Amino acid sequence: MKNPLIVLLSDFGESDIYSGVVKGVISSICSNAHIVDLTHNILPQNIKQAAFLLKNTLQYFAPETIFVCIVDPGVGSERKSIILKTSDKYFVGPDNGLLSYIISDKGCEIYELSNSDYFLNDVSYTFHGRDVFSPAAAHLANGTDIQKFGKQIKLKDIVTIPPPLFQKEALHTWLGEVIYYDSFGNIITSLDAKEIGASFENIQDDKIITEGWRFEIAEHIIKGLKKTYSCAKAGELLAYIGSFGYIEIALRNGNAAQTLNIKSGDKIRAIKFN
Amino acid sequence: MKNPLIVLLSDFGESDIYSGVVKGVISSICSNAHIVDLTHNILPQNIKQAAFLLKNTLQYFAPETIFVCIVDPGVGSERKSIILKTSDKYFVGPDNGLLSYIISDKGCEIYELSNSDYFLNDVSYTFHGRDVFSPAAAHLANGTDIQKFGKQIKLKDIVTIPPPLFQKEALHTWLGEVIYYDSFGNIITSLDAKEIGASFENIQDDKIITEGWRFEIAEHIIKGLKKTYSCAKAGELLAYIGSFGYIEIALRNGNAAQTLNIKSGDKIRAIKFN
Amino acid sequence: MKNPLIVLLSDFGESDIYSGVVKGVISSICSNAHIVDLTHNILPQNIKQAAFLLKNTLQYFAPETIFVCIVDPGVGSERKSIILKTSDKYFVGPDNGLLSYIISDKGCEIYELSNSDYFLNDVSYTFHGRDVFSPAAAHLANGTDIQKFGKQIKLKDIVTIPPPLFQKEALHTWLGEVIYYDSFGNIITSLDAKEIGASFENIQDDKIITEGWRFEIAEHIIKGLKKTYSCAKAGELLAYIGSFGYIEIALRNGNAAQTLNIKSGDKIRAIKFN
């Protein structure tokens, strides 16, 4: 590839050397790779959050991008390492469900990552991100054929995790869940705005509020859907459509996740009443 | 451009995916761009801090560098997006004062960023950094003429914010303000060391202290100006000339901002008495 | 160099603009440099931690990599700046011991960094990382001969710091120390697993525990050496071989460093009893 882009997604946290070392490994094999941190702040071992963010951000990356995904509580066990190819991108990581949200029938292929020719010489029990996934990604970027990494696996044979909760409970009621909260305490949910018919399209007024919605979360009721954060008063809880197309809950000038004592997996209900 | 450099300045914080997604957008349009994080830790919505840091760091970047500036509390409202060209660099961001400190009469041009040919296909109400500023910056890096992004705006017509407080109160007295404090609690002020005549030039002794200064901040008095941090005793407050040429206040082996309970905008007075 | 790689190691912390400015300086001199953050989270002024991490991670970087090392409590004093060349890599930083762990007799050369032709025009008293080390690294990447930066220094003439504590106390007993703890509170020690004969090589069972070890740290006794983190029960302290080959102490689902009230330099003893 001419200007290969390798993207890192992990739960390393920001404060350690792990992501720096991974970049060293990649650069030492593919010296012209551009390396981008998608995030290293997946909540520790939260495979579902990682899978959700991966699915919802990959559209912003160019074709041929290679993602190295390291949320790997089973490292050192018998879980497989895999390379997944969609119609236009590559993903390297553990076979633990992290990559299961991006599988589709259209042009998707999966290979076991088992050929140690493409690993570092010494493979540790604790850091396959460095010793297995990163060198494989760099070799892919160098043009190594995906079939050389190991035998092909059927789509149905990889480990999957349940999709984010998203159910239509009644004609105008949907049930979703909290996926995670960001560093400002804004709560990202699985309620897909398009699917529930929430939209501000063709509405120019930036102070607009759609009154006909109610959201129930952690024994709180939030009335209305606001177009922007600035529609809410200081200290007020608000629901809005986040930048990835899902309903988010925030507390203006505050931390919604802390105030509501929210954790991943908590339920949220959306009710449309006009 | 041959090795285009795009620099990011935002209040995203470090812990989320927003900066990673912005890099994806840029790379997908301009695959050979080098992308550098100036900082993502502007205090939330603190336009003044962002404007101050931008002005004081841009000299360290090469000609033709493109800055993407995302401190954007008015996103989704009617505030304009703009591209500003100085004699040798480019700046993309909201028209909210963030870019107002770098305007000068010498070769400065401003264009509205309104041509949606250079936006992502779907523009959200909440994340113009991703959907508008980043793609525009990448197209600039690809060589798109600045006049194609929208109509030219007169310098006097963009939104400005007040300059940092810096007044000569008397022959030897200056009044300034706290711009922000860094992660160690060191307090960065608007007191320009050169302007107030504070200097250690031609002084080789690294233990030197200039006695003839007094600084008043938050009901504390700090005597003397020290050449380096190591001139102070443990637990002692000190004033020194920071690496960007402004007076800074630190607490040796401690956190000055917390100890003095300082916030952005607090006043500081410098008095020279010999 | 064709795709020069410059690696940054510092105690800046993540939240400020210092690393961004350093990247600006490097890019403005060597526009095709790839710049990687190894870490900016060295504990403030902890030269020993920086030296240890540098020594244990440089193997993951390609030949010709240039490391810029900025843990520099003596900046502004008379401490020298140096460039160190090993058989295949370059290191720029202060002469304060930071680079002393990587010196060897094989092809190692050291030069004083004193030729101000390779500095920024204005050199501050407080930020040689920006004004001296970074421009020198970028000039090196551009191919400037190392001898042009200043006069050669004998290996024995640079400042050294004591090596990490690692003593054989008895036939089966070793004494080491805590180097640092990571953001999860995992404690990284100086006990070299290979040197003390701790190994899981040729052991396929991922639930394996080697019973014949005892570790004493901060009045706690940890029995056994576990192959992976997942061998321990929730709330249990465990010893394991970390990904850089040293004994590490963790608390499953907790923060070992906080719970044990550990700090850098605390002692740890390993006893093998079968």
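All chains are identified by letter, namely A, B and C, in their written order; residue positions are counted from 1 within each chain.
The rule is simple: a contact is a pair of C-beta atoms (placed from the backbone, for glycine too) under 8 Å apart; a residue touches a chain by one contact, two chains touch by 3 or more.
Small disclaimer: the values here were computed from a predicted structure and weren't measured.
Participant: When chain A touches chain B, do the two copies use mostly the same residue numbers, with over half shared, or different ones?
Facilitator: Because under half of the interface numbers appear in both copies, chain B and chain A meet with different residues.
Participant: Given that chain B is a copy of chain C, what angle of rotation, in degrees and a multiple of 5, matches their CA positions?
Facilitator: My answer is 120 degrees for the C-alpha fit.
Participant: So, what's the distance in Å between the C-alpha centres of chain B and chain A?
Facilitator: 31
Participant: Residue numbers in chain A touching 2 or more other chains?
Facilitator: 14, 34
Participant: For a test of understanding, state which residues of chain C touch chain B in their complex under the given definition.
Facilitator: Result: residues 13-21, 23-25, 27-28, 31-32, 34-35, 44, 73-78, 124-127, 130 of chain C touch chain B.
Participant: Residues of chain B touching chain C in their complex?
Facilitator: Per the touch definition, chain B meets chain C at residues 2-3, 5, 7, 14, 34, 36-39, 41, 53, 57, 60-62, 65, 182-184, 200, 206, 227-230, 240-243.
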